[in-house]
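Below, subunit A partners subunit B and then partners subunit C, in two separate complexes.
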Partner chain A sequence: MSWHEWALGGVLVSPFLVAALVALLLTVGLRLLLRLTGLGRWIWHEALFDLALFVIVLGGVVAAMGRL
Partner chain B sequence: MKTSLRIAVTLAMVALAVVAGYGLWHHYMVAPWTRDARIRADIVTLAPDVSGRVMELRVRDNQHVEQGEVLMVIDPERYQAALDEARAIVEVRTQEVRLREHEASRRTRLGQSISEEQRENAQIAAAIARSQLRQAQAEVRLAELNLQRTQVHAPRAGQVTNLRLAQGNHVAAGQAVMALVADGSFYVQAYFEETKLPGIRVGDPVRIWPMSTGAPLDGVVDSISQGITDPNARPDSQLLADVDPTFDWVRLAQRIPVRIRFSAQPDGQRLSAGMTASVQVLDAGQERP
Partner chain C sequence: MRDFVRKLIILAAFHCQLFIPGHNRFQIVRDNLLAFLAPPLPALRFALKTVFGGLLALWLALRLGLEQPQWAFMTAFIVAQPLAGMVVQKGLARVTGTLVGALMSLSIMGLAAQAPWLFLVCLALWVGLCTAASTLLRSAWSYAFVLSGYTVMLICLPALAEPLAVFDHAVARCTEIILGIVCATTVSAIVWPQHVSGLLLQQARATWQGALRTAAAELAAEPAPREGLLQALGQIVAVDTQREHAWFEGSRGRERARAVRALSRTLLSLIRISRAAGRQRRDLDPGDAQRLAPAFEQVRQALQAPEQADLPMLRQALLERAREPGIGAGALYCLGRMVLMLDYFAKADAALEAVEQGGETEQAEGQFSAHRDLPIAALYGLRSAATLLTLSVFWLATAWTSAVSALVLATVVCCLFASRENAVQIGFGFLRGIAYAIPVAFVVGQLILPQWSGFPLLAMALGVPLFVGALGMARPALAGTSTAFALHFIVLTLPPTGYEYNVAFFINEGLGMLIGVGCAVMAFRLITLRNPLWQSRRLLEATLRDLAELTSRRLAGADTWFAGRMAERLLQLARHYPLLPEAVRQRWGDGLLGLDIGDELLHLRLCLAAARPADERLQRQALDELERALLHGPAPERAEALQAPADKLLRVLDSAPESQAQRLGRGAVRQLERSWRQWCGIAGGAHELA
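Moving on to the complex of A and B:
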């Protein structure tokens, strides 16, 4: 996986911060989608599910960014 | 039935999350990459060999110079005078040698009419005069060298950096006045956490992202430093170890310098020594296309 800083106007941040923000937005989007499609009924423990979903999305985002 | 399915779905998600989390952990804590790397180069600090006023400064700041090029000329008058003096002394000593040798040979020829002691003294005086001549000749060589050294040459090709010297300044022998960044000497010093060192071997391929350029550069692990400073090993005024009595519950992995050489010296890229870079060690044999 390739890594370098994200330059935001001279301020360089760890790519992990960007990955976490993107993952958070994606998780919120996915969660809304689940609720709208009615699949949300199949969730047993919402908080646990949300955490798991976030970690999975984060892992995916980090892996995807590494391929850029 | 429905409840157990709901539980199963959620637990499956958690299991997946554990896998993803492990991957993240591995990537951030174990994979050998660092954002803490600096581009470095050989810096040649130039000090004049003789003291004096700078008569002529032939370089500008950030100018590229070739090896052997004259960078500045120090006022040669004093060294010229010293050379003239040394040559005059050689002349005097040469005449003195002539005189003494003449004396000695005449006294040898006189035979028994003068004492043995006088003959011997004359020969010793001639020998002393010859040694003094050699001494004077050595001083001429020294004066010549000093005169030559009033012209300061570039020891290596490179770029003059941070030139603060002005024409007319007085410079002292042995005191650095100019720095050269030697051509083609760029390398990367990457500071890896101790915990990541087991994944790094000398010769491993490396990818380098200088902060200034978009495109990555290729490199190779050149060597791994064998030592960093230990703050507890600093001796006090009595040479006893000054050991810090506090120790933290939480401690950070220290960083070890790893030297990385560029596979090809980056010519087209505008690199400066001191720039920051990110570095990743690629596994040998697993290099990505």
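Moving on to the complex of A and C:
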């Protein structure tokens, strides 16, 4: 996948939007996993943790999509 | 593995809010569906009125050739409320806010048109200030502040590229808002008018009954449960808020508003005094307790069956009992409080009659003062400003046109729901409304409207979905989501002038909205009052400051001043109550004891004023000492802190001529000391556990 806009019915969609959606799904999955394994109890500020996790995952996704 | 899957399902269901412990989900769904499929008659009328008012505004705006007709249309939906007085009040608040905001946007634009960053910082400061002010003013009028905050954004942001157009934008915005309000108000007043007064009558009677019942429970030999008191306080505060709306329903409504104010103050005092009498009853020595038991029972019966009570006779009986020889100071104190209770009872009766029949009531003295907390308001203001700045960075960095709508929406949500306890849930409700609006708006705006032309067909295409939305607005549980649906449906189907209407606009706007509300919800979650302990400690400190002030405040009106503030604080403490760990729930007890001590302090000062002691210098000195002791707050090692000032006060009372007031004063001093010791004991317990 190259780092170009996607054409959706004549509308150009930014690849960053796709990356953000993928990252959101991944973050939700990771978060569920953390909670189920009991590691979630150690989080101090849940909202802050979620945001930070999302930014990290988004960075990873963008980097990965650039390589592809 | 099976356990894991089960856990996963429960977790997922919980997140989607399908599973709410203690609630029957199917019942909720059924009730919500019934609101749309078989709406009650008032909801049907409300929806018809709202849609009619909105379409009238839209037609007039199109007819007059106004710049942004959709603003007038939206305003009619925003101010739509079930009751006529509420519409007028909200409309007035909206007009005031819009006018102030328009003036402010002209000055900010004039100052910083050339420097976008400076402009955005100014904007953030103004929005933060308005949010803080609106949370400080906890009444229906706070909406004016919210509006003056975000009107500046609505006017200035689209005009940032062409600063000279800002004046036209400001004029257009004001014109259309006023048009929308005039249409909505006229329709709500003319078509099936429903007045606040009717609701107010019901609420006032329920409050009166609830307060009397609570007062009766407080008089019982055993301490009363917390819930009754809480409910009564909640009712009093709620009826007092409705008062603001009744003000706009003619001279009759204004009379009623005054009567409700008198009623809520009287009921607060009644509850306060009944607590004092009940407390003293539990401390009486057994002989006195037995002697007074019938009197307590008579008063309780009168409170429980207020219709049959013969107040003057009961009052006379209590006074005679007080004149019996050999009656102790504590028993005398109880009887005194009960006589005072009966007086307030009679006053409350008169006030309720004035609410029901109309007519003048005597002017109650003193403001119904509210508890204000500047640092917390500043925090809320900061949150709005921070959200605005973050999204501005996003906007300027991406140069995406629809980022403006994300920016506007995020700030509006942050301002509107700043001080709500359940801001995150409200934000999600808003998001749900947008999610419903997007597909409906796509069908109407992209598929139907291009085929149809002319106002009647436009009205039909817009009116049907909005009618359904308005049905939801009439049901309190759905109101937030439905309002969001209606507003965003309008935004997505009627684009602002100057935009080409196509699929790209639609997708961009929809995305911008989702991002905006998402950011607002995130701001609510990130910057929050995470520590209920901190907040309840702040409430305690404020209570102590008030208690200290009570030692020197002018007596006239002091009791309503204190009772109003304490009622609000107790309600706030109660809201935090479920969040607190078991061990620290004493905070609620702190609040109640603060209320009791304030009451005893007031009573003592009344006695001092009536007894006319000879040594005024000593009295001033004792009260000053008392003030210092109270300011330091309760702690286990400070249990005897009131000893010295109390001794002095007793000496002051000794210097007065022999009288009933002097004897009552002695009882009050002892009661004050006792409550203080109790408070210190509780504070000790809480500290150890914490």
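Methods note: the second predicted complex is superposed on the first by the 61 of 68 C-alpha atoms of A that agree within 3 Å, B and C clash if a C-alpha of one lies under 4 Å from a C-alpha of the other, contacts with A are read in each partner's own complex, and residues count from 1 in each chain.
Everything that follows uses one rule, which is that a residue touches a chain if its C-beta (ideal position, glycine included) is under 8 Å from a C-beta of that chain, and two chains touch if they have at least 3 such contacts.
Small disclaimer: the values here were computed from a predicted structure and weren't measured.
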| item | value |
| --- | --- |
| Contacts of A:Leu36 with subunit B and subunit C, given as first, second, both or neither | second |
| Superposed model, subunit A: greater residue contact from subunit B or subunit C | B |
| Which of subunit B and subunit C A:Leu48 touches, first, second, both or neither | both |
| Touching partner for A:Leu17 - first (subunit B), second (subunit C), both, neither | second |
| First (subunit B), second (subunit C), both or neither touched by A:Leu25 | neither |
| First, second, both or neither for A:Ala63, with subunit B first and subunit C second | first |
| On subunit A, positions contacted by subunit B and by subunit C | 45, 48, 51 |
| Residue ranges of subunit A in contact with subunit C within the complex | 9-11, 17, 32, 35-36, 45-48, 51 |
| Parts of subunit B lying in touch with subunit A, wherever the complex brings them together | 3, 5-7, 9-11, 13-14, 16-17, 19-21, 23-24, 27-28, 31, 33, 35, 207, 209, 211, 216, 278, 280, 288 |
| Touch list for subunit C against partner subunit A, complex | 4, 7-8, 11, 503-504, 507, 511, 522, 525-526, 528, 530 |
| Of subunit A, residues touching subunit B in the complex | 1-5, 7, 12, 14, 16, 41-45, 48-49, 51-56, 58-60, 62-63, 66 |
